[in-house]
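In what follows, structures are represented as structure tokens.
In the two complexes below, chain A is the common chain; its partner is chain B in one and chain C in the other.
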Partner chain A sequence: MATIKEELQAAAKKLFDDDRVDYFVGYAEDYGHTFPAILAKDSDLSRLTFDRKSYNNLANFLPELRGFRVGLICKQCEVRTLNVLAAEGQIERDKLVVVGVPCPAMVDPRKLPQGEADLAALDESYWQEKCRRCPERNTPFADVFVGERVSTPTPAEGWPLLEEVEAMSAEERLAWWREQMSLCIRCYACRLACPLCYCHQCFVEDNKPQWLDKSVGPENNLHYHIIRAIHLAGRCIECQECSRVCPAGIPVDVLNNVLSRDFGERFGYVAGETAETEPALIQYERDDKEDFIL
Partner chain B sequence: MAAEYYRLSKDKVAELFERARADYDVVAKTRDANGNLVYGRPVSFDDVAFVDEQPPMSAKAFALPQTETLVRYEQEGDKIRADGSEAPARDVLLFGVNMCDAAAFDIVDRVFKWDYLDDPYLGRRARATQFALACAAVQRDCFCDRISYGEDGVDAVAYELEGAYLVKVRTEKGRALVERYENLFAVEDGDAERSIKTFKEKAGTVKKEPMLESAKPALEKAFEHADWEILASTCIGCGICTYVCPTCHCFDIQDEGGSSRGRRLRTWDHCTGRTFTATAAEQPRDRQYKRYRQRLLHKFWYYPERFGPLLCTGCGRCITYCPVKINIKELVEYFGGLKDTPPGGARHGK
Partner chain C sequence: MPRSAATSSECGRRGTVAEKEKRSARETAGPWEPNIVGFLCNWCSYAGADLAGTSRIPYACNVRVIRVPCSSRVDPLMILRAFREGADGVLVSGCHPGDCHYIDGNYYARRKLIALKRLLDHVGLDPRRFRVSWVSASEGRKWAEVVKTVTRELLEAGPFRYEENGDD
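And now, the complex of A and B:
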């Protein structure tokens, strides 16, 4: 039986041979890492892979490739992202070939055991939180599906870290956030790794007027993170890229999770749940709860 | 000064640390609230992490803090008060710093004293003593064995031997450290350089050809190479590689406050970002791959052209912490003609 690698490489080759795409966006394996790669017709496809370190949300590369026909490997994270991007008019669906894959669940890089480890054997305790919550491991609307479909375990309930933070007293919580924020170096990798932070100019980049001081410090840093979280209200699809890429190890997505949970509990809304899901902020139902409006 | 060699018994290290704290502001590897390794101020000797692993953030902040006030001003009626930046109150001892971090200071110094003498930076450098600890094993992603920097700028470096450290003292500052606590150090009487060579062979840190310096002639012809675009377009333009880098030193100057009180400050900035030099005009590089190319070529072409050494010590942080794992070493080898295959296989072939 062909491995997923071989099938992927064959699928990518076929897309190029059939002249269906200009670029193929997937994951390559080289120098001990798995990382996103943008491949063209003449590229060496033999490094293409899909494994448990295929972390990046590949939809993040679509703006760079606007105007081109793109083959994109889509796991559930990309699927929900594409749904949001489509609802917001950000992608040209006819130029996109969605390459579906069975997702094996990603291993949390911070929980990776030291040294050589058999990644395929690592159980749930090593997974990224999003993978424990994943509703569907097989890409639902793939134009091309690669590999064998897998069964999806029952998604885990709850938001463990968020619940831990919420269990703190207000003073403890503020102290915890201050400590986290004091570690932030404002590289903005959380924003740039986020496929839904696609503004050409982020508010932090404005300098006339300058909304946010460029100096780092707990207050300035928190200011940035809170505004970013609010800009993602009802949009974040919980791919956790913001937290994964943070060089300071700040669980940035806890802020987004508060809003995701509230949208779910109050409005039964899940961002990017289906291709038909409309943006949350343009929807209105007569029985929407308004008890939080001052 | 000629190098001097001493032996520091392992059971004396705790005493050295404690006594040094009376005389220096001692910075060493320790863990922060999230368990990350950092160069910080351990509460006690037990909190010092003796590991080869590099902390995500290099030691450069002890010479070039991420944010520093250059001038603080205040107006009250007719009176205007302005205070310049503050020199450090105490001597700093970087205790057990990685060689790739320690050697970086000497490289960055050249910029800060090239034409204009940068007092805040040079002031902090003058007060800092670097007592490095050589790695006993190659770390993930690092490639110091491919860059020919040596021990320049390192005041003293310890090599771990059986039961003791062999301490090589290279500068007056290093000698001052040893003299201060001389009863802890014994003069090394063996063939020290031979022991160091054996240590490096075991650690795998002996230099290996081809050195990355040799990529420069080909890099100079590769500016328009067709594959920059496809290989560097996965760059998301965050500043992680530059912020964790021990040698990246670009900064921005900003004013905060108002007409009657405020401050002028310096903050880190990075050529890979969309707003780099936007204060003056605009980011002149309109695509992300061009911004990435600028970082690489600055390190391996423009900087050595002007100052001699590469603007890189091979610490590998920019690979480890890159969200998309762009590998600067692989790209230098590819565009510098040392390797035929592009990392990850991406090429345009046009």
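And now, the complex of A and C:
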């Protein structure tokens, strides 16, 4: 039986041979790492792979590849991202070939044991948080499906870290966030890794008015992250790429989860649920629950 | 509380030298008074505040009013900026839901402000520091009440300390 790697390479080759795509966005393997790769017709397709270290949200590359026909490996994370991007008019669905894969649940590189490890054998304690919450392991709307479909375990409820932080008092939360924010070096990796941060000019680069100081400091950093969470309000699909790429290890996604959870409870809203789901902040209900307004 | 006790923590706050001098002049001039930035929509709350004035309704003078076309014009960035520039509290006021001059501006504003409120509460900002109200053009009395309430609460909360939201 062919491995998923071989099937994937065959599928990519077929897409190029049938002239259905200009680029194929997937994962390549080198030096023991798996990283995202954008492959063209004459690229070496034997580098293509898909394993438990294929963390990156590949939909991040789509706004850059606008205008091209693209084959894209889609896990559940990408599926929800595609829904949001489609609702916002950022992708042309007819130019996109969705390559479905059975997702084996990604491991968290920060939890990996030292030395060589058998990735396939790692249990739930090594998974990324988002994978424990994943509602569907097989890509729901794949144009091409590669590999054997897998069963999806019952998704875990709740956001453990968010609940931990929310259990603190206001003063403790303040101190906790202040400590986290003092680590931030404003490298903007969170912004770069986020598939929904696609603005050509971000508010942090504005000069007139200059909303934020360019310098690093807890206050500025916190305001940057709060506004970033606001800009992702009702759009964030909880792929947790921002936290994964943070060189300071700040759990940036907690701020996004605050709003995901609140919008779910308050408005019954789930971002990227379908391709028709509009972002929460460009719609309203006349009787939206308001509980702090004088 | 003598204001001078807080000045060491004030050093890190951003702002021009002139602003800092103005602030310290204000701070040494008597008992501390909260500095509130009010974003008022042109069609309802601004007219309501105007009515409070022309009706000679006495109320606290702590709100510095910024007139905006609609409450949905208020970007969360403006609110955070106000705090960084030395506001002790921010009040956003617009038309009642359903009364918006632009039909549905305040419905959008409401969702946006709910999101900001949730985040500010989460990071531990005192909930008294950021308030939203709906005040119509005929509610001069309500405007006076809102300002009184907000000012009273901020007097209890005290000056906005840098610890509350980080410092540079």
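Criterion: the second predicted complex is superposed on the first by the 284 of 294 C-alpha atoms of A that agree within 3 Å, B and C clash if a C-alpha of one lies under 4 Å from a C-alpha of the other, contacts with A are read in each partner's own complex, and residues count from 1 in each chain.
Note that a contact is a pair of C-beta atoms (placed from the backbone, for glycine too) under 8 Å apart; a residue touches a chain by one contact, two chains touch by 3 or more.
Computed from a prediction, not measured in an experiment: that's the story for all the values here.
Visitor: For A:R132, select first, second, both or neither according to whether it touches chain B, chain C, the two together, or no partner.
Guide: neither
Visitor: Which of the two partners, first being chain B and second being chain C, lies in contact with A:K95: first, second, both, or neither?
Guide: neither
Visitor: Using the touch definition from the top, say if A:E64 reaches chain B (first), chain C (second), both or neither.
Guide: The answer is first: A:E64 touches chain B but not chain C.
Visitor: By the touch definition at the top of the document, which applies to A:G217: first (chain B), second (chain C), both, or neither?
Guide: So A:G217 meets both chain B and chain C here.
Visitor: For A:N207, select first, second, both or neither according to whether it touches chain B, chain C, the two together, or no partner.
Guide: After superposing on A, A:N207 lies in contact with chain B but is clear of chain C.
Visitor: Could you tell me if A:R20 is touching chain B, chain C, both of them or neither one (first, second, both, neither)?
Guide: A:R20 sits against neither chain B nor chain C.
Visitor: Could you give the residue numbers on chain A that contact chain B in one complex and chain C in the other?
Guide: 213, 215, 217.
Visitor: Any idea which chain C residues touch chain A in the complex?
Guide: So the residues of chain C touching chain A come out as 12, 14, 76-77, 80-81, 84, 97-98, 104, 107-108, 110-112, 114-127, 131-134, 146, 149-150, 162-168.
Visitor: Mind listing the chain A positions that touch chain C in their complex?
Guide: On the chain A side, the touching residues are 165-166, 170-175, 177-178, 181-182, 203, 209, 211, 213, 215, 217-223, 226-227, 229-230, 233-234, 255, 258-259, 262-263, 266-267, 280-282, 284-286, 288, 290, 292-294.
Visitor: Touching residues of chain B toward chain A in the complex: what are they?
Guide: 32-36, 56-57, 66-67, 140-141, 230, 233-234, 236-240, 243-244, 252, 254, 256, 265, 267, 273-275, 278-279, 288, 319, 321, 323-327, 330, 341-350
Visitor: What part of chain A is in contact with chain B in the complex they form?
Guide: Going by the criterion above, the answer is residues 28, 30-48, 56, 60-61, 64, 179-180, 183, 185, 187-189, 191-193, 201, 205, 207, 213-217, 241, 244-245, 247-250.
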